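What follows is a group of structures, each given as structure tokens.
Next, two complexes with subunit A in common: one pairs it with subunit B, the other with subunit C.
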Partner chain A sequence: MADYKWPEAEKRTHLGKSISRIDGADKVSGRAKYTYDINRPGMLYGKVVRSKYARAKIVSIDTSAAEKMAGVKAVHVIIEPGSEIRWAGEEIVAVAAVDEPTAEDAARAIKIKYEKLAHNVIDTDPKAVGDNARPPSEQTVGDADKAFKEAEVTVEGFYGLTSITHCCLESHGSITEWEGDKNLLVHISTQAVSQIAGQLAGPLETPAGNIRVKQDHIGGGFGSKFGPDRWDITGARLSKKAGGKPVKIMLERDAELMVAGMRPPAYARVKLGAMKDGRVVAWESESWSSGGLGGGGSPPIPYVFVVPNQKRKHTAIATNVGSARAWRAPAHPQACLITMGALEDLAAKLNMDPYDLFLKNIDLTGARADVYREEMKIAADLIGWKAKWHPRGDKNAGPVKRGLGLSIHTWGGGGHASDCDITIQPDGSVEVKMGTQDLGVGTRTALRIVAADTFAIPLDSVNVLIGDNRYPASGGSGGSTTIGGISASTRRGSLDALDALFAKVAPSLGAQPADLEAFQGTIRVKSDPSKSVTWKQACAKIGATPITVRGKNPGPGTLTSSGVGGVQMADVSVDVETGIVKINKIVAVQDCGLVVNKKLAESQCYGALIMGVAYSLYEEKVMDVKTGRMLNPNMEFYKLAGIADIGELVVHMMTGKGYDERGVIGLGEPPVVSPGAVISNAVANAIGVRVPTLPLTPDRVLEALEKKGGTNNASI
Partner chain B sequence: MRAFEYASPATKDQAVQLLGKAWDDAAPLAGGTDLLALMKDDIFSPKRLVNIKELKELRGIVAGPRQLRIGALTTIQELADHPQVRQRYPAIAHAAEEIAGPQIRNMGTIGGNLCQRPRCWYYRAGFGLLPKDEAGESLVPSGDNRYHAILGNGGPAYFVSPSSLAPVLIALGSTVRLYGPEGKRDLALEKFFRIPQSDADREHDLRSNEIVTDIIVPAATGLKTAFYEIRQKEAMDWPLALAAVALRVEAGKVSSARVLMGHVAPIPWRSEEAEQALIGKAISEEAAQSAADAAVSKATSLGRNRYKIQLARVAVKRAILQAGRGGVR
Partner chain C sequence: MSDDEKVKEKGSGLSRRTFLKASGISLSVPLVMGHRVVKVAGAPVKVFGPGKVPVSLLINGKKYQATVEPRVTLLEALRHELDLTGAKRVCDRGTCGACTVIVDGKLVYSCSMLAIEGEGKAITTVEGLMQGDRLHPLQQAFIDNDAQQCGFCTPGFVVACKAFLDKNPNPTAEEINKGLGGNLCRCGTYVGVRAAVAQAAKGRRGGRRNG
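And now, the complex of A and B:
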């Protein structure tokens, strides 16, 4: 039986190296096909009629004109008259037609009568929303009142993040088609290839085993693409009505931004109690949030630093807005800004360098305190903290002020359940088959690295097949669980496949299978390395039937574990006359256990930082109070960072002793947690006042400066 | 997008004959960067598109000793790159190169930049150019007006003029040449823009069967010009406020001034207050500051856009100081 562990550093041939994405060229050249690119023979185009009201009762729906139109093949009523619309953009009716313009004409021809009802889209103030604010929940830890009395200094602040959207560059959607009456083929943009069929089975009253799900590439999900959506199920219904013809429904950009994903906002008033030396002793917070009609839970505050005495009150606000979905590290960016902002404000009040204040309290972070200590030192060196940091408020002349900010974060990221089939062919080629997806991890590349490293063969000897639910099931890509799960199952399967190969080869080498090892393209005898055969020769002993072994996670051995820490620091410039913030540099120091591919790990961090700059400075889902509509469901006024906006990004991965032995841990989420906090803290350090709410737009920056009585109207 | 008829005339006479008596009859198609988006969003659905890209006489830049003639089909990038424009009218080149991003600059035309429709998010959501709720009340003053007008905002129009080129072209005293079934019509560019007073009005003095053919800019010899734009992102973002100035300085003092602001009012906004504040003074910090203060002295907030008053003030001040430095940014 194999020893299920990762190879020692000196024995790794591919693992942990910087290896380019194997499908990179396909992606940049357009050869890679995304769901959006899939066009099937005889395909119909589906269009969805959406509510223009945020809340209304549907009085009647008249589809007769649409049904009579030439080229219209199916009409499906999603919400029956008498039912209530819950948010603007909610799906009411869908049509399928031979081409897109006809489908749009048909959608426009559908007459819907509404009875408008009162709505609420305000999530910024529980006092402004009446009954839509739920009764608050309260929690206490220790004795906060006593601790505040004993505290030598207290500081109060307000921190918030508006709601934003996922804004997947490939919008949500699918192409669904019935093969006969029984079997459904679904091409869908999803984070969960192996889970979609089970979720479609119920609503479509079709056995999950009859539903085939495929996806080669995905253009972003960020937590918003786990299940089949109402439009996907509707697509399948339209297809059935149209005799099984494929129906393509991919969301238009406005729908993508209105209804296909929302990161809940969070706002909090925080009071911190501390001793003069910076030790934090008490936390009090009053927070509110919303995730749509269901309200919104409290972010995990105080974040990372477990303050010994706490008093927390949280209010959930119900809104008529498309429901919240998991957004890359759900609730963490919110909690991080609220906590790290309060700590930075405390440091300013104590006239302390926040670096020293964080270190003073680092033991409150628990098990990973040493990791944070080490990472803070590295981050400080990379950004030049000690040389560049100044007390709050850049005193240099001129309108452009510069500042530094820091933050720390955590995440779980243990590998999910994953099955795979590892096949060694008699000709020496290897296949990995897994019902997983590449959400940006670089899944194909990672699987190839793990298998090739285990077999000690070149990377291109391994063929990776993913993106099909006929392959062994693997978990959905969420919670940063993918890399841990897929690399662990592939490692186990590859080790078992290697054992099976050793058994076939051992007699010809006159050795016991247990005395064999794979080494640089050969199978050799450990006790007598002069006895060896090439990989190809070894595989020729397999016979006609290839070796296929099922790899699983969880399983024996520590190949993945959970829990990481990261430190980030930002250097920003703020024009105090215009309120415009520019990023000079962000440093991210991150641990994720054993790194499978250094280049892809760094790439995950770069991507997270870019996304972080966008939500810190630009992104906001703007809801119109009166009409209940989203005002910026487009890429003009729903702003994302461009390449010139992101500044210099520096990533440092923690690897080696103390990290590698924890096995592979997920990385997709942790580095996106801190950017809001570091940028907000750096802006406060630059301009001398906290800008309470993200995104840090000119209006908000100027308002904060003005409240401070500062430079708003100052001369240049 | 709704179905439409497509015509591709060979002459401008054919083109204007193919345009209609009503706006919904037909629309001229040049770069299409705004028109096609309006059509896709079902905000504007003309029955016919008249492709004017084949009209060669509408192309090109002629830089003569007394004037610059810019054909309406000149792309924004061509304008930004043109050697004589860069040399003699650096503020125009500067304004052009700040617009959107390479894709838009390579497709978008000068005529289109002047004729594009406002980006007001209520208008773009289908509530009309003078957006109203079902009770007929304007949505903007009580709504989210963070990007709306701070000048000329007494209603019913609250949007901001989206052209980044118009302010600098007006500062330089440009003329726009229009062509319709009755022939050509020259207008001071300043008069081309107007604030609609009812739903029947448009924001341009352009008839539904006219096209823009040329922009004529007089020689700028001896003028100190500058353009200063404030926007949040480095590229692909709309300005929050911008200023363009053209100053003549004699014996160390400003003898004539044109101060224009963009993205602050339903039209490119000329500030005579700022111009008066400058005349007779040497260009200095103080003079620039008082002109900037004068420029926004009549500005008012609609509720969410007060910060734009500050941005407009800063843009004017920085543009004046930049002009004083000989246009050095």
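And now, the complex of A and C:
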């Protein structure tokens, strides 16, 4: 049996190098086909009529005019009269027509009568929402009351993050078509190729085995595309009514922002108790959150630093807003801002450098304290912390104030369950087949790297086939679990396939299979490297039937594990006259165990920092209290960061001894956790006052300055 | 009488109202007909529709014919009628740049231009940047610098960068930031895009032909 471990550094041919993504040429040329790009023969266009009210009873639905329109092939009522609408944008009726303009006309021709009901979209204040605020839950650790009495200093602060959306550039949607009555073909934009059929089977009363799911490329998910969603099921129903014709429903941009994504808000009042030397001894918090009708759980506070004495109270608020979905590192960016903000405020009160305060308490982080120590040192060097840091409030004259902030974060990221088939063909080509998906993180490329590295053959000898539920099932891409799962199963399968090849080749080399190794395009005898055959010659011994081996995760050996640490530091400028915050530089130092592809790992971190700048400074799902509708369901007022907004970004991956032996660990979530905290802390350091709520828009910055005594006092 | 009522079917001598009455066709039924010419303030103006009209488009040096309603955008015509799906529909209202194409040498958000407006103009989409199987050096620079993640904004970005470099072959970092502000990325690939543009610009300075 193979020894299931990753190769030592000196034996790696591709693993850990900087390798360009294998589908890069398809993406830059427009050849890459996303679900949105699939045009099927005879395809109909589906449009969904959505509720304009946040809460209402449907009195009647009149589809007669739409049904009579030329070109309309199917109409389906999703929510029957008498039922209640729960949020603005909820799906009520759908139509399918021969082209998009006709479908739009038909959707407009549908008449719905509503009886309006009271709604709530306020998530910022539990006292303002009556029964929509659930009874709070309370938790204690140690003896907080006693610890606060003994504390030499206490500091109180308020920290919040508004609700934001996922804003995937490729909106949610699918093309569904019946092949005969029994079989359904689904092209869908999804983070879970292998999980969709099972979820469609129930509502469509069709065996999962009859449902084929395909996806070559996905234009962003970020946690919002584990579906299928109601519109996908509706598409299948429309297709059935239209005699099986393909029905394409891709959400319009407004629907995408209203109903297909939401990161829950979080707000917290925090009191910290500490000793004069900076040691934190007590935590007290009162927090609230929402996530739609289900309310919202507490973020994991205090975050990373396990304060020995805690008293926490959390209130969930129910809102008539499209439900929350997992947004990259669910609950962590919220917990991170609340905790790191409070720690930075404590440092300011103690007149301590927060770098020293964090180090003073670093053992509270537990097992990864040494990793954080090492990462903090590297990050500080990269941003010039010691030279640039100043006590809170930039004392320089002029309206532009500069400041530094820091934060640390964690995530799990152990590999999910994953199966794959590894095939070695007699001609020497290799295939990896897996029912996984590439969210743009480089999954395809990682599979090729792992297989090619194991076989010690060139990258382009390995053909990677993913994005089809007829391939061996692999987990959904969430929680940074993909890279660990898919690399581990591919490594195990490739090692087993290599063993099978060794068995075929050994007799011709006059050696035992166990004495063979793959080395630079050859199979050779370990004890006598002069005895070797080329990879192609070796594969010719396979015979007519290729070797196919199932690789699995979980399985033997430490190929993946869980738990990473990261440190970030930011350098910002704030104009205290305009309230505009500018990013000068952000440094991210991140560990993720063994790095499979350095280039794409760095891309993940850059991307996370940029998303972080966007949610720290620009993004906000603005709900109108009176109408219950989202006011900015578009991309001119729901703002993302542009290329000029991000400053200089520096990424440092922790690799080598102490990291590699932990196996491959996910990276999608961790680097997106800290940006809110580092930027907020840097702004506080620059202007001398905490701007409590993200995004740090000019109005919020000016309001915070005003409360402190006006912009002219900014440096005091 | 309104201008509309004075409209003459091109060459037919029938007023529009008479034509519709005679043919018994209601306005909501799509039908194919050419444009008509109306005089507005003394100047001739082309009027298309309300049904489908033929449109002829010159895209990447190749002529395409399609039949679309006048309200159909160039982006929709490219994607739905011609299966040229490189340009993406994202914001659909001229903010994000994912649908960027080049029309007569100028960058255009194809979601914000009607298909019928594209007639008689030279349109370049991302599909037109490759020469056979050979990538444009700028496309290669996008790959080398990993200026893409999910890749949905990438075609628009590539086209925008191409036009930017055509206009400004030797940009400073500040000019890159300013010149490419019309395209948005959600995954966060701007660091790669900056590097890709710098590499492609350097390639040009090195004297290599860059398309």
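The working rule: the second predicted complex is superposed on the first by the 710 of 716 C-alpha atoms of A that agree within 3 Å, B and C clash if a C-alpha of one lies under 4 Å from a C-alpha of the other, contacts with A are read in each partner's own complex, and residues count from 1 in each chain.
Rule of thumb we're sticking to: contacts are C-beta pairs under 8 Å (C-beta built on N, C-alpha and C of every residue); 3 or more make two chains touch, one makes a residue touch a chain.
The structure displayed is predicted, hence computed values, not measured ones.
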(Q) Given the alignment on subunit A, is it a clash or a fit between subunit B and subunit C? (A) clash
(Q) Just checking: does A:606 make contact with subunit B only, subunit C only, both, or neither of them? Give me first, second, both or neither. (A) second
(Q) Once the two complexes are aligned on chain A, which partner has more residues of subunit A within touching range, subunit B or subunit C? (A) C
Q. Between subunit B (first) and subunit C (second), which, if any, makes contact with A:394: first, second, both or neither?
A. neither
Q: Figure out whether A:27 sits in contact with subunit B (first) or subunit C (second), or with both, or with neither.
A: second
Q.
Once chain A of both complexes is superposed, is A:649 in touch with subunit B (first), subunit C (second), both, or neither?
A. second
Q. Counting only touches as set out at the top, which of subunit B and subunit C does A:578 meet: first, second, both, neither?
A. first
Q | Touched partner set for A:69, first subunit B, second subunit C, both or neither | A | second
Q. So, A:169: does it touch subunit B (first), subunit C (second), both, or neither?
A. second
Q.
With both complexes overlaid on chain A, does A:217 touch subunit B (first), subunit C (second), both or neither?
A. second
Q.
One more residue to check, A:99. First (subunit B), second (subunit C), both or neither?
A. second
Q | Superposed model, subunit B segment overlapping subunit C, candidates 2-10, 74-82, 128-136 or 308-316 | A | 2-10
Q | Doubly contacted residues of subunit A, that is, touched by subunit B and again by subunit C | A | 101, 105, 634, 636, 641-642, 644
Q) Which residues of subunit A touch subunit B in the complex? A) 101, 104-105, 108, 254, 577-580, 617-618, 622, 624-627, 629, 631-632, 634, 636-637, 639, 641-642, 644-645, 697-699, 702-703, 712-713, 715-716
**Q.** For the subunit C and subunit A complex, residues of the former touching the latter
**A.** 28-30, 69, 71-72, 76, 79-80, 83-93, 95-96, 98, 125-127, 129-130, 135, 139, 142-144, 146, 148-155, 158, 176-178, 180-181, 183-194
Q: Provide the residue numbers of subunit A that touch subunit C in the complex, in ascending order.
A: 20-21, 23-34, 36-37, 39, 69-71, 99-102, 105, 167-171, 217-220, 222, 252-253, 439-441, 599-600, 602-603, 606-611, 634-636, 640-644, 646, 649
Q: Write out the stretch or stretches of subunit B touching subunit A in their complex.
A: 1-3, 41-42, 101, 119, 121-122, 124-125, 127, 133, 139, 142-144, 146-147, 230, 232-238, 240, 285, 289, 304-307, 310-311, 313-314, 317-318, 321
